[in-house]
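The letters A, B, C, D, E and F name the chains in turn, as written, and every chain counts its residues from 1.
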Amino acid sequence: MNRIAVFPGSFDPFTKGHEDVVRRGLKIFDQVVIGIGINPNKTRYFEPELMEKKVSEAFDGQENVLVKTYTGLTAEFASENNARYILRGLRNTTDFEYENTISQINRDLLDGLETVFLITSPELASISSSVIREIHKFGRPVDKYLPYKL
Amino acid sequence: MNRIAVFPGSFDPFTKGHEDVVRRGLKIFDQVVIGIGINPNKTRYFEPELMEKKVSEAFDGQENVLVKTYTGLTAEFASENNARYILRGLRNTTDFEYENTISQINRDLLDGLETVFLITSPELASISSSVIREIHKFGRPVDKYLPYKL
Amino acid sequence: MNRIAVFPGSFDPFTKGHEDVVRRGLKIFDQVVIGIGINPNKTRYFEPELMEKKVSEAFDGQENVLVKTYTGLTAEFASENNARYILRGLRNTTDFEYENTISQINRDLLDGLETVFLITSPELASISSSVIREIHKFGRPVDKYLPYKL
Amino acid sequence: MNRIAVFPGSFDPFTKGHEDVVRRGLKIFDQVVIGIGINPNKTRYFEPELMEKKVSEAFDGQENVLVKTYTGLTAEFASENNARYILRGLRNTTDFEYENTISQINRDLLDGLETVFLITSPELASISSSVIREIHKFGRPVDKYLPYKL
Amino acid sequence: MNRIAVFPGSFDPFTKGHEDVVRRGLKIFDQVVIGIGINPNKTRYFEPELMEKKVSEAFDGQENVLVKTYTGLTAEFASENNARYILRGLRNTTDFEYENTISQINRDLLDGLETVFLITSPELASISSSVIREIHKFGRPVDKYLPYKL
Amino acid sequence: MNRIAVFPGSFDPFTKGHEDVVRRGLKIFDQVVIGIGINPNKTRYFEPELMEKKVSEAFDGQENVLVKTYTGLTAEFASENNARYILRGLRNTTDFEYENTISQINRDLLDGLETVFLITSPELASISSSVIREIHKFGRPVDKYLPYKL
């Protein structure tokens, strides 16, 4: 049995918190496909192409990790990648309530699509993409929060 | 790779909510070992031996499900069963905050022991063992909440 | 149409926070039956009979409020009082998660039994029965938290 | 006594979760006025006029349900409709914290205006308007989440 | 030892809830510097200059309160004001989860920068800047929520 | 101005998470009095006298830390120690909801008694006294969670 999971997100940017979830997810799944979701209606801070390149570097040499961009529903992205699992990290109760809703809908959109959760390692749980954008915008270094060099 | 997960709990009693998590967990793991934890200091309502028998019936014929009782730490029960994963269901934010704490400690007690979470199916999320005990105590039927006949 | 609601609780003791919910509930329901639940397995601090007497005093002269004690399931207490509604106050998210579970089960136990929620007035939300017991135990006055004289 | 409640929201779109709250609210109130709030500063996905038409169809023949659009404060909409109650559904703790704030302010804006809460039925709690918009935007069917045909 | 704390926020507008936190903070700190954060990318409802003037009026004659506007990271604003503390109010769990993240990052950005929390007084906890903007926009009085005259 | 805070708890046992809050509290207060609360109705796992001795060792040589045991209300313990502040750590939303209630009551019991909160450092937030008791009961080492040798 080949277990493929997608790890979807806007990843604006992809952080060490995200990396933690992927690396731990690889102990459960045979392959993790990182999906950088592109929402045409939302302005990004970091370009998806840059992010795709950087995240690929972070997992360089690891054949069981793929990095892709996608537009559309996550359930369809999972389907296109023959993934029967969505991997997600939970940092706190706000995340939980949001993911609770989304995971039920994804199971509904693609029959049997399971969302599997890991709780983000505590020392990384405070790293959020929005805070990193804020720090970067004001010209302060953010490298310590990222698994690659910007 | 043989993925073994333990699904620990007091299971006083084991409910359809628990069954839901086990059945969905079987899509991720090769084997799920249901561990009925016995706490010598706590009075139970349903005997662990009865529960072991009933849960075994519920998964009768399913070779990838084992049912055991255990005393001691969950991390040690996992270790004894060669399990590198703990499977847990999340019903709500109260569960999340509790599990957040426990899962970090388990990772600490047994290096690399991962707790993997599924969100309980919404139609089953209101089934709690304590409520079932309350209903049963007053002589009302509880069979609809259980995956076996009492 | 005669709308009867039960307002169940252990009320050990009944507080001004409870009174707030009952008084506001009377704007919605024609009658509120306050049900002091007796759990034979739990030790109380204030006797249910004392509480019944005191709460009756607090609502003296108000014919649309009844005060009763009951043993057994809340759904059955509602049924015996021809109530199709349970009235409950919510103080915070911990209350919400608990009530979420209980209300689904009550709807299940008695078809169509609706639990109707009011959010406790903020200046009363910190009054909890367990804290009052603690204060009373150490001989400090608690009258300001209660709608009657002890 | 004629109990009128408003059920306000942006309803972009009105879902089966909303319908559930209205239908259960009709067991408590004599009339429910569904108020589709129009915020001039926010872009909608579904036009309020379309929504008004569709929701009216969903409650066709039910004289105790009115469907209206409104601009301005909910407390004023309640006042204009002689409603002394606001009806709201709670899906989770995020909803609770938000509604907690809003309900206190509404009671403040219109003396005695009570917000009455029902907890959304669990099988409908994951249906959110924003998720439906997302699914619809990508051309997938959403009819199963709506009490009318789009 | 001179204890200086910054009290940062967008304060759009500054409310009686904010004032409560500052006044109680003055019992802990020798000086509180209220920092009205200006985010060039966000449209405000009340001008920062107006707010600076109004808040200064509210604390008129109190030499241990300073009111300033700032652009940039809060950690830098603290540093510029020789503050080793950030003062923040917590109203509910949503606030808590947000502040939990931010406070860890601030401690990271400026070594030893401590965020100190007070829980907003319950009767003021429902006052939120966004609700006040909404009420003001529709021409209703908001003075009762503010520690100054608009 | 001499700022004295009490840091109350059952401390059964006192953990590195508690130590973290005390050490950071010393940056705010001139003196922290650790109060080991003795509840005559509750069975402890570690004796209060042992705990008092061990905690004193952990803060050996630090004159601004006192360690005491107390029976009775925390507000009275604060009063007896001339403390106008209670220091508390927050680990998660469950803690927050509990502390929210307690802090309002303490302010009520002793006029002006302020509870000041720090958020527990994330890498220590999963350390709970009850989990440590559980681990210790089964004979596993717990020293890494404690700021002293048992």
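Methods note: a residue touches a chain if its C-beta (ideal position, glycine included) is under 8 Å from a C-beta of that chain, and two chains touch if they have at least 3 such contacts.
All figures in this text were calculated on a predicted structure; none of them were measured in a lab.
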Would you pick out the chains that touch subunit B and also touch subunit C?
D, F
Any chain touching subunit A and subunit C at once appears in the list B, D, E, F
Give a one-word verdict, same or different, on whether subunit B and subunit D use largely identical residue numbers at their interface, taking over half shared as same.
same
Among C-F, B-D or A-B, the pair repeating the B-C interface (over half the contact pairs identical) is C-F
Please name the chain that ends up farthest from subunit A once chain centres are defined by their CA atoms averaged.
C
Report which of E-F and A-F is connected by more C-beta pairs in contact.
E-F
Just how far, in Å, is the C-alpha centre of subunit E from the one of subunit C?
38
Whole-Å distance, subunit A centre to subunit E centre, using C-alpha means?
33
Subunit B to subunit E, mean C-alpha position gap in Å, rounds to 46
Among the residues of subunit E, which ones contact at least 2 other chains?
92-94, 97, 100, 104, 122, 125-126
By the document's touch rule, what are all the touching chain pairs in this structure?
A-B, A-D, A-E, A-F, B-C, B-D, B-F, C-D, C-E, C-F, D-E, E-F
Considering only the defined contacts, which subunit E positions touch subunit F in the complex?
3, 24, 27-28, 30, 84-85, 90, 93, 96-97, 99-100, 103-104, 112, 114-119, 122
Going by the contact rule at the top, pick out the subunit B residues touching subunit F in the complex.
72-73, 76, 93-94, 97-98, 100-102, 104-105, 109
Quick check on the complex: what are the subunit B residues that touch subunit D?
92-93, 122-123, 125-126
Spell out the residues on subunit F that touch subunit B in their complex, using ranges where they run on.
91-94, 125-128, 131, 134-135, 138, 140
